[in-house]
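Next, two complexes with chain A in common: one pairs it with chain B, the other with chain C.
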Partner chain A sequence: MLDIAIGGVLFGALYALIAVGLNLQYGVTRILNLAYGEILLIGSYITYIFFKDFRINPLLTLIFSGLVTSVLGILIHVITFRRLVLSAASAEELEFRSLFVCFGLILLIQNLLAHIFGVTPIGTPYLMEGVEIFGERFKMNTVVAAILSAVVNAIMYTLLRFTKFGLAMRATAEEPVGAQIIGINILKIHIASFSVGCLTAALAGSMISMIYSNVTPYTGTIYTVIALIILVLGGRGSFIGSIVGGLIIGCAYYAMIRVRASLADPVIYILLIIMLLVRPRGLFGRQ
Partner chain B sequence: MSRLNNAAITKLQAIIIIVVIIIIAAVAGIVYQLFFYRPPVGVGLPPRDKVVVGIVQSLSGALSPQVTMYHPYYKWVIEDYNAKGGLYVPEYGRRFPITYIEYDDETDIHKMLTLTEKLITVDKVDLLFAPCSTGFVYAASSLYEKYRYPVIALTYGSQAGAEKCRKGELKYLFQTLASPSEVGVEVRELLEYIRGKYGADAVGNVGIIYHLEQHGVEHASAIFGELALVGFNIVLYESYPFMTTEFKPLISKLIERKVDTLIICGYEAMFFVREAKAMGYNPKIMIVGPSLEVPGMTFGPLGYTLDDVRGIIFYDGWPSASYTENDVLKKWAEDHKVRARAIFGNEYAYPFPAAALFYSGLQCLFEAVQKVGLDREKIRDALVTEYFDTILGKMKFRPGYAPETTLGGTLSQWQYRYMMDTIWPPEAKSAEVIYPKPSWPPS
Partner chain C sequence: MRMMNILPILVIVLAFIFLAPFFLDVYNLGVLRETLMWAALTASWFFFSGLTKYISLGSAAFFGTGLYFTALYLEQSIFLKNLPALPLPIIVVMAGLLNFAIALAIGLISLRLKGIYFAIATLALGIACQGVFNYIVSDIMKTYYTHIPPFDLQTTYYTIAIAALVIFIIIYTLYRSNLGFALRMIGENEDAAIHFGVNASLTKTIGFALSAMCIGLMGGCYTTIFTVTAPTIAFNLQFSFMPPMMAMFGGLVTFYSPIIGAVILSVLRNYLGITFVHHFLIVLGIIIVIIAEFMPEGIVGFVRKIVRKLTMRSLKESEKR
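What follows is the complex of A and B.
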């Protein structure tokens, strides 16, 4: 049981890291960034390039992948979503129209990655040795990913809870019109949240490159789906929800692999359906 | 009058002379026809300046990595024949350059079918190459039957498809890989050999895990059936989600059940092995499906060392070739390393076990054309009746079964080289099986 508990938490922590950025983006901007997984892949590819071509320690490449994708996030928002935000008559219209932009972004990023790097899988295998925790052995890179997830989530929590900037973000998420009335530049907040979301996605992508080492331009969708499941379970726009949702999904999947592996996927989707039926706003979602 | 009468021939003599003349003429005609007659070449045939091959494959989308790794041979075989002056077409009595029309199905099965039909009906290609993956090939097989195009499928292995081929329901589809029922026999034979050589306990408890997809289900079921029949002690038979990356919980179960011989029917061994190594789980025998057999991937992006994978046996029914034992294959393997380097970007771009088989399968198609021309019915018949010279020696297709080859093996194992060694069957092996699997190297 102990191995399931620890393994589930480690696995769930990685999932929480994957999901936190999408939840922040959607919570604040109401833009459901379906190209999130592709942005995550950019992080994987950056780690790969810096490791392969410059022999930089993969953990150090987290800095580069974070920086590059946060700037990319700003650019994507300014070039594509900003106009939508300004012209949309309602939040629903913004959500609807942004979906089409996201589909375009998915194809654009996939094809660009395929064009630049080819479609052969890439990877940056690192810290693959085992490490013992309470008598159970786990891969070192999954432990590092869990620690990174904890650190990122702690920083995010501090940012959202204890800074003016975080307050402005929460205000924009909860009451955008009111936020504007009291002088918050919601466009800037949107750009910032988009940028931070892309940054955390890239960190997750870099870790995935180290853990699984089987990244292609077309594997992004898997991570978008994982993040969406956690978003629905934890609650749209809820920071705590993405952590709890990630841990629940991670632990459930992990435990099911142990009990009856063939049921692991169905159980996750049953959980999702139950949540949508019983509590559609998710565990910690706003009304 | 009497002189005249004497000089004249009788009616009987006249008849005899005429019959003899007819016989001589007939014999001369037959001899000429058989030994001296050369039919007029190209008369009545449409003008031709090339042989066109049609290819639909997933150049983008989820299957494109597989296409890149497993299908470079389409272009290579065309290049190689063109370098020799092209493809000889007997009805024209000369060689023609081979060109190809290639479409990208974007990993969309409907698009693949539409484009295949376009190649046949609009582009009117002479020959077709198969798309990538079992599902896509199986879907396209109805078009091959409808339009009677003999096709050599590379990345394809289906029990259902094999049985249709055996019954003659799929006459134009030829597989290069063994079907799951053949793999079952090979694995059983190898384990029996190990049991015979190393003692009754050598194989011990057997665990079979498989992914929930056609490949895993069909192969696991075939192997299970074979092993159960001869009394191997199967203590675990369990499926797992397709392309899962998390194996630790399943490995805990394998440890609990004391699994000595592990068989993984799926494409996920690349993740499993990493986890098993981290956990220190090392079965005596590990047999895996496609995943760790491509050197350019295994020692490149996946980051394994030869010590990590030594002892791992590869089934998938891909008749491996003894790349190290035969001069033709040795040269081909070295060329492969140079040609495939661009694909993997590393120095390990050696062929995987079935690489030569894929290439030689395509050679058979071209050799059949050189023998019987571009009549597709004749090509189809030639493929099942004739042996063709390939880099694997003599090769012949058998509907619904792996092809017969001089140098074909069935099971291979990572040993001491960056190419797998053939370990089964005994008459084709390049090395003795390593038993037990060595322990994991220190990290």
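What follows is the complex of A and C.
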């Protein structure tokens, strides 16, 4: 029981890191970024090149992969989504058309990665040695990933809670029209939150390439789906929700892998369906 | 467009589809078979998601369930003799009904919610269904693959062609029926539709289940092209992402525009995508972004707009004279 709890928390921390960026992007901009997993993979591949070609510590390349993807996030938003936000007649039309932009981005990023790096699975095996926690052995890199997730989430919390910038973000998420009336430039806030979301995605991607050695250009969608399920579970635009949701999914996943690995995905799906039935706005979501 | 205007085109297309095995070589016949498959999937997707604007990303769930159910039944009945041998159409119809039931259950739960929740629930459904069949194959049957009795090329071609035509007829009839009209009203303005007495949640659920049934039928027929299959092949996410992409490429304006989009993309994919796999898909990605940005009505809508502008101009000029 204890080993499942610890393993679940370690897994769940990684999942929380995966989900937090998507939740921020969707919560503030109301654009569902289906290409999120692909942006995460860009982080994985940046870590991979630096590790393979220059033998640079994957933990040091975090800064670089974060920088690249946050700039990329700004570019993607300015080039594609901004025009949609300005031209769409209704919220539904925006949702509809932004999904199709995401389809295009998925194809584009997947095949660019496949063209440059090939389709063989890659990984940056680092810190593979085991550590013992309460008599259970875990790989060192999962522990490092969990610590990174805690640090990133703490920074995000401080940013959202105690800075003026974070206040503007929360205001935009809750009441876009009201935020505009009191003088918040919501387009700027949208771009900023999109970029921060891409940054955390890249951090998660670097950790994933360290832990699993099966990253290919086509695995991105799996992480998008995980992040989406956590988003539904925790509640749209809720920061605490994405952490708690990540921990729940992590524990459920880890427990199922111990019991019967092949049934893990259906069980997670049943969790999602129960949530949609009982409390569609999520554990911590606002109405 | 009047029925009389498109009747000759329809006859030519039908004759082409039915006589194709007599003059096309093996490769081109395979391309035509796949094009018909994608066109049927896209039309089924369009019937629900295109009309109501509730985006379903779960085509792979229904396609895969149809395909894998049929594959398992064929394996059990022909190789292992555990089940009575039935003709293929009956198995495929069973697969379609299974999908109808699954979609009904998922629709009842997730269609009450507005916005992206439906997209998330259907996208995750594909992965969950793959998990269920993976469990059946690996844990219960202790194997990795499912073997299917081989069919010759002509049989598979005609199976898929007839299934595609049946699906087009079903979808077209539904599209012109009261149900299709109600779905379109929901897509335009759901609150107004409810005011006019449309039972929105029931209509949506039935429409979704019918569209899933058609996708499952096509999945069942697509089984015939394999001799060995696995859940990772049947539930490939391209079956979820390609139909919306093809429909959007053609435009969500009328019944035939998504089919045109599917035909164009599938043909391009099979001729250009074989030699330049990544380049082609990179360019396609950029084209999809451009279409979503600048042509919300797709290729067909764009062409229509240009034609309308040209006719208006010529009308004005003739008036001046």
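Definition applied: the second predicted complex is superposed on the first by the 282 of 287 C-alpha atoms of A that agree within 3 Å, B and C clash if a C-alpha of one lies under 4 Å from a C-alpha of the other, contacts with A are read in each partner's own complex, and residues count from 1 in each chain.
Simple rule for what comes next: contacts are C-beta pairs under 8 Å (C-beta built on N, C-alpha and C of every residue); 3 or more make two chains touch, one makes a residue touch a chain.
These numbers come from a predicted model, not from an experiment.
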| item | value |
| --- | --- |
| Superposed partners chain B and chain C on chain A - clash or fit | clash |
| Touching partner for A:F194 - first (chain B), second (chain C), both, neither | neither |
| First, second, both or neither for A:Y253, with chain B first and chain C second | first |
| First (chain B), second (chain C), both or neither touched by A:I122 | first |
| Chain B versus chain C as contact partner of A:N214, first or second or both or neither | first |
| Touching partner for A:D3 - first (chain B), second (chain C), both, neither | first |
| Chain B versus chain C as contact partner of A:G130, first or second or both or neither | first |
| Contacts of A:A114 with chain B and chain C, given as first, second, both or neither | both |
| Partner chain(s) touched by A:F239 [first = chain B, second = chain C, both, neither] | neither |
| Which of chain B and chain C A:K139 touches, first, second, both or neither | first |
| Where chain C runs into chain B (options 4-12, 22-30, 184-192 or 238-246) | 22-30 |
| Footprint overlap on chain A, where chain B in one structure and chain C in the other make contact | 110-111, 114, 260, 262, 264-265 |
| Complex contacts: residues of chain A adjacent to chain C | 26, 32, 80, 83-84, 91-93, 95-101, 103-112, 114-115, 221-222, 225, 228-229, 231-232, 260, 262-266, 268-270, 272-273, 276-277, 280 |
| Complex contact set, residues of chain B against chain A | 60-62, 64-65, 67-69, 107, 209, 212, 238-241, 244-250, 252-253, 270-271, 274-275, 277-280, 296-297, 301-304, 343-345, 443 |
| In the complex, chain C residues that touch chain A | 53, 55, 106, 109-110, 112-113, 115-117, 119-121, 123-125, 127-128, 130-132, 134-135, 138-139, 237, 241, 244-245, 248, 277-279, 281-282, 284-293, 296 |
| Residue numbers on chain A that touch chain B, as the complex places them | 3-4, 7, 11, 110-111, 114, 118-126, 128-131, 137-140, 211-214, 216, 218, 253-255, 257-258, 260-262, 264-265 |
